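After this come two complexes, each holding chain A, first together with chain B and then together with chain C.
Then we have the complex of A and B:
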């Protein structure tokens, strides 16, 4: 059946659909505010008129391309095209400032390719088995998964600023409680503003804190790249050695996190980034432009693509919002998720899965070929670049919900970010808290209800115990470091 | 404000926020006191304890607020111009719509950022707006801010 599926994929219409979908996905992913979910949802009525395989591979191409595309503006402009690209921006943008944007883009596309291909392979070979694993996760496990993501705050902390990073993370979690109470449905801290009923939109907040803040900082520079770098030469650098283990790590984490319904590429990218930072020999380079961080984060978020389709295709439970839109595409063609998808509709389903290998190859080719040209964006004078980036940032913030209020949210968070940075707080930790807050709160509250008010529910279940073990293992090294720095050694007084 | 004072001032503000957050949970319905209210109280306690700990360490080291001061340090005039122009643009989007506001915002900001040649200014402005029209309006049918004034 797989051979038959491969043959049907070789039809010119299917191949063209994969190519168009992937290119469109890269463009959509590269624009802050335009999401893969939006693009796939827009394609559903279009695909109705197409052959089911052509329609599905078109949507699959958009999904794969968009996940990679988010990293391009993140690396070049510190403007993450998707929330999953925040960790990539933290390492990629400093490399761009050093005139090594081409290398960052190359690491990003190769890691994305490996992560995406690995997760598609897992989807092809073990989908039904892994779907059972996804069903074992309940609210207590989701709460602990959010905690696992939040442990990343410890990694995001600069040396000597662990407490400030933790405060930033808790502040992010506190901002995330604004809106409707997930259990009672009551409104909290909305100050009567209708726009806050669904909480603070994190995409405008993210754009404000990363993109606008950076543009404000660039007002004093003529180019993104530092003046000391020869701005005329964007060199073609070879791939650094030793990235394989970080790409492998990100691919596995991304695939596993992607399988869990409701979890997303953002958590996968942060967990992978955190693990890479803890196990790197070049830990001091993190935050200053370390390709290892890009490799882990990008393979992590692209690893989610195949993973998120495991519960979608086998159980009809979408792994994330893009998978939910894809599910809509399946349903309009009369393809009901479950065993029949792999038997009765096997040719189309396997054709769709195989097309994702092709989509990964297409964005790899595009990414490698265009990386040096994309990198030249960093050579545009800031006098022309800043207004353009600001316009697309405002547009991206607005486009998410079609609300002017979100443009003000973007601006407000940009100002907040400047003040917090001046005080030595961590923006990465704050945004991580903001993203993971709703998952943590819902998991915690529902877990307590399941446990009849007892906290024991977070400790007695099997998956919870495994997650606790991972959390403790990740916390031990930084805790020891903190103890050595602040307790054992006397703190030197300032002049 | 003095850079050294920003850190402690923010910590004091967050401490106050923690107290207010904790007190606010008393107003939650009784049936969520053991769930979401507990979560918010946990956040309030965490924030409070961390702020106190950081204040103590900051006082011991006397190096609070050591963040990089890049907020307009290199070119304050352009920094504040961009901030004001962005605020005005956000306001104008809701009144004049996307294209009219952007047609003014882009060249004004380019001039404020130091661009003096009219051709690149006009070319970039027109290029960006045509791109937005083709990709956002025609291809993706994304709704852009519309004018409410006319």
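Then we have the complex of A and C:
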């Protein structure tokens, strides 16, 4: 059946659809404000008129391309095209400032390719088995997964700034409280504004915190690239050694997190980024442009693509919002998720999965070929760059929901971020709190309901215990470090 | 000569914009969908557009997804839109009336002109595949002995009201677990994290057919043609009925002339064989209701929902 599927994929119309989808995906991913979810939902009525396989590979291409595309502006302009590219921006942009944007782009595209291909392979070979794993995760496990992510704040903290990082995390959690209470449905801190009913819009806040803040800082400089660097030539560097470990880590974490229904690429990218940060020998380089961070984050978010399709195709439970839109595309062709998808509709389903390998190859080719040209964006004088980026940022914030309020959110967060950065607070920690707060809250409340009010539910379940073990393991090295720094060497008395 | 030309020219100049103004729709018509892209309400809107373009050639329609807060954000936005007919929107039950009843909404049913209903999604009771409960009677009997954890979509949703109705009818008390939507409910049932879930047919029939979950009752008057083996609540002695309807509304302040045009378009789409075929292929269950019919349905539902709210406010 797989052979038959490969044959039907080789039809010119299908190949063209994969190519168009992937290229469109890179563009959609690269523009802040345009999302893969939006693009796939828009394509659904279009695919109605197409052959099911052609329609599906088109949407699959968009999904794969968008996940990679988000990293390009993240690296070059510190403007994450998708929320999943925030971690990439934290490492990639400093490299661009050092005149090494080309290298950052290369690392990003190769990691994206490996992560995407690995997770598609997992989807192809072990989808039904892994679906059982996904089902083991209930609300208590989601609560602990969020805690596991929040533990990352400790590793995100720069030396001596742990307290400030924790405060930033709490600030993020506090902002996440705004909106509708997930359990009672009551409105919290919305101040009667309709725009806040669904909480603070995430993407405009991100664009403000990263892109606008950076543009403000750039106003005194002539170029993004530091002036000490030879601006005339962007070096072509070979891939740094030792990245394989981090790409492997990211691919596994991304695929696993992707399989969990409802979890997204942003969390996958952050968790694998934090793990890499903890296990790297070059820990001190993190935050100042470490290719290892890009490798982990990008393989992590692209690993989500294949992973998120595991529960979507086998159980009809979408792994994230893009997969949910894709599910709509399957249903419109009468293809109902479940075992039948792999038997009765096998040719189309396997054709779709195989097309994702192709989509990954296409963006690898495009990414590698264009990396040196993209990198030249960092040489544009700031007098042209700043207005351009600000314009697109404002437009992107508006376009997400067609809401002018979101532009104010962007500006507000830009000011907030500027103040926080000057004060030495961690933006990464704030974002982790913002993303994980709602997941932790819902998981905790639902877990308590399942446990009929008893906290025991968070300790007695098997997967919970494993997650607790991981959380403790992650906290041991920072705790030891803290002990060494503060207890064994008494703080010199201030005189 | 000139004296004659000037008034004529003036008349033309003044009449031209007037004539242009009468040409509704002026620019794209925005359809507010109070849920996320890719969901079933979203799919209904997009199929509506495909068909509507046939009847209004040249007109453009844009979907605006306003998800979250149980649809409230979207409903409010439809009610508050500029009343020029360029913005119409979708409503779904029971949320649209539940927000009014719980005094959270700033709109009332009077804020809308109801165009009509297109489809519905019957309420079902579903249990994990290895669950010992095969019928509603099994389930209700067991619920008397222990507190059953039951997943519903958010508070005030059709699932929530249906569960409340069942509690009253069977004389039981559930341990209700509100979720953010069908994805969480599906995962909770398939993973056996809850004892049962009240949800909609379209969300679970594939899993039922594949043996990954078991639907023990459908809460409508008649069995579904999709799952003829699943008995109704009425057949099993629990006369609880609930379904999620999806219709179209527009701000009540829109001029009557434009409302007439919109109502006419809605009826044409509702009866368009192309739309019916596409909706059926997408496993949507058609439940055509005209504007007055659907308004009466919504008003009755509001009264009923209020009764449950007054008994135990949420």
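Here is the rule we use: the second predicted complex is superposed on the first by the 487 of 495 C-alpha atoms of A that agree within 3 Å, B and C clash if a C-alpha of one lies under 4 Å from a C-alpha of the other, contacts with A are read in each partner's own complex, and residues count from 1 in each chain.
Just so we're on the same page, a contact is a pair of C-beta atoms (placed from the backbone, for glycine too) under 8 Å apart; a residue touches a chain by one contact, two chains touch by 3 or more.
Everything quoted here is computed from the prediction, not taken from an experiment.
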Following the overlay on chain A, give me a clash-or-fit verdict for chain B and chain C.
fit
Regarding the shared-chain residue A:411, is it in contact with chain B (first), chain C (second), both, or neither?
first
May I ask you to decide whether A:38 touches chain B, chain C, both, or neither, giving the answer as first, second, both or neither?
both
Partner chain(s) touched by A:12 [first = chain B, second = chain C, both, neither]
neither
So in the superposed three-chain picture, is A:177 touching just chain B, just chain C, both, or none of them (first/second/both/neither)?
first
Applying the touch criterion given at the start, work out whether A:388 contacts chain B, chain C, both or neither, answering first, second, both or neither.
first
Tell me the contact category for A:423 with respect to chain B and chain C: first, second, both or neither.
first
So in the superposed three-chain picture, is A:462 touching just chain B, just chain C, both, or none of them (first/second/both/neither)?
neither
Considering only the touch criterion stated at the top, classify A:398 as touching first (chain B), second (chain C), both, or neither.
first
Between chain B and chain C, the one with more contact residues on chain A is chain B
Could you look at A:449 and tell me whether it touches chain B, chain C, both or neither (first, second, both, neither)?
both
Closest Cα approach between chain B and chain C after superposing, in Å?
7
Contact residues common to both interfaces of chain A (with chain B and with chain C):
38, 182-184, 402, 446, 449
So, in the complex, the side of chain A touching chain C is made of residues 37-38, 40-41, 44-45, 48, 134-139, 179-180, 182-185, 187, 194, 197-199, 261-262, 311, 315-318, 321, 324-328, 331-334, 336-340, 401-402, 442, 446, 449-450, 452
Chain A partner, complex, touching residues on chain B are 3, 6-7, 9-11, 14, 17, 21, 24, 28-29, 31-32, 34-36, 38-40, 43-44, 46-47, 50-51, 53-54, 57, 60-75, 78-79, 81-83, 86-87, 89-90, 93-94, 98, 102, 105-106, 109-110, 113-115, 120-121, 124, 128, 132, 135-136, 140-145
What residues on chain C touch chain A, complex-wise?
36-40, 42-43, 46-47, 49-50, 64-70, 72-73, 76-77, 80, 102, 104, 147, 149, 154-156, 175-180, 183-184, 186-188, 190-194, 206-207, 209-210, 212, 278, 281-283, 314
Per the touch rule, the chain A residues reaching chain B in their complex are 27-28, 31, 34, 38-39, 42, 163-164, 166-167, 170-171, 173-174, 177, 181-184, 186, 188-189, 212, 215-217, 219-221, 381-384, 386-388, 390-391, 394-395, 398-399, 402, 404, 407-408, 410-411, 414-415, 418-425, 440-441, 444-446, 448-449, 453, 486, 491-494
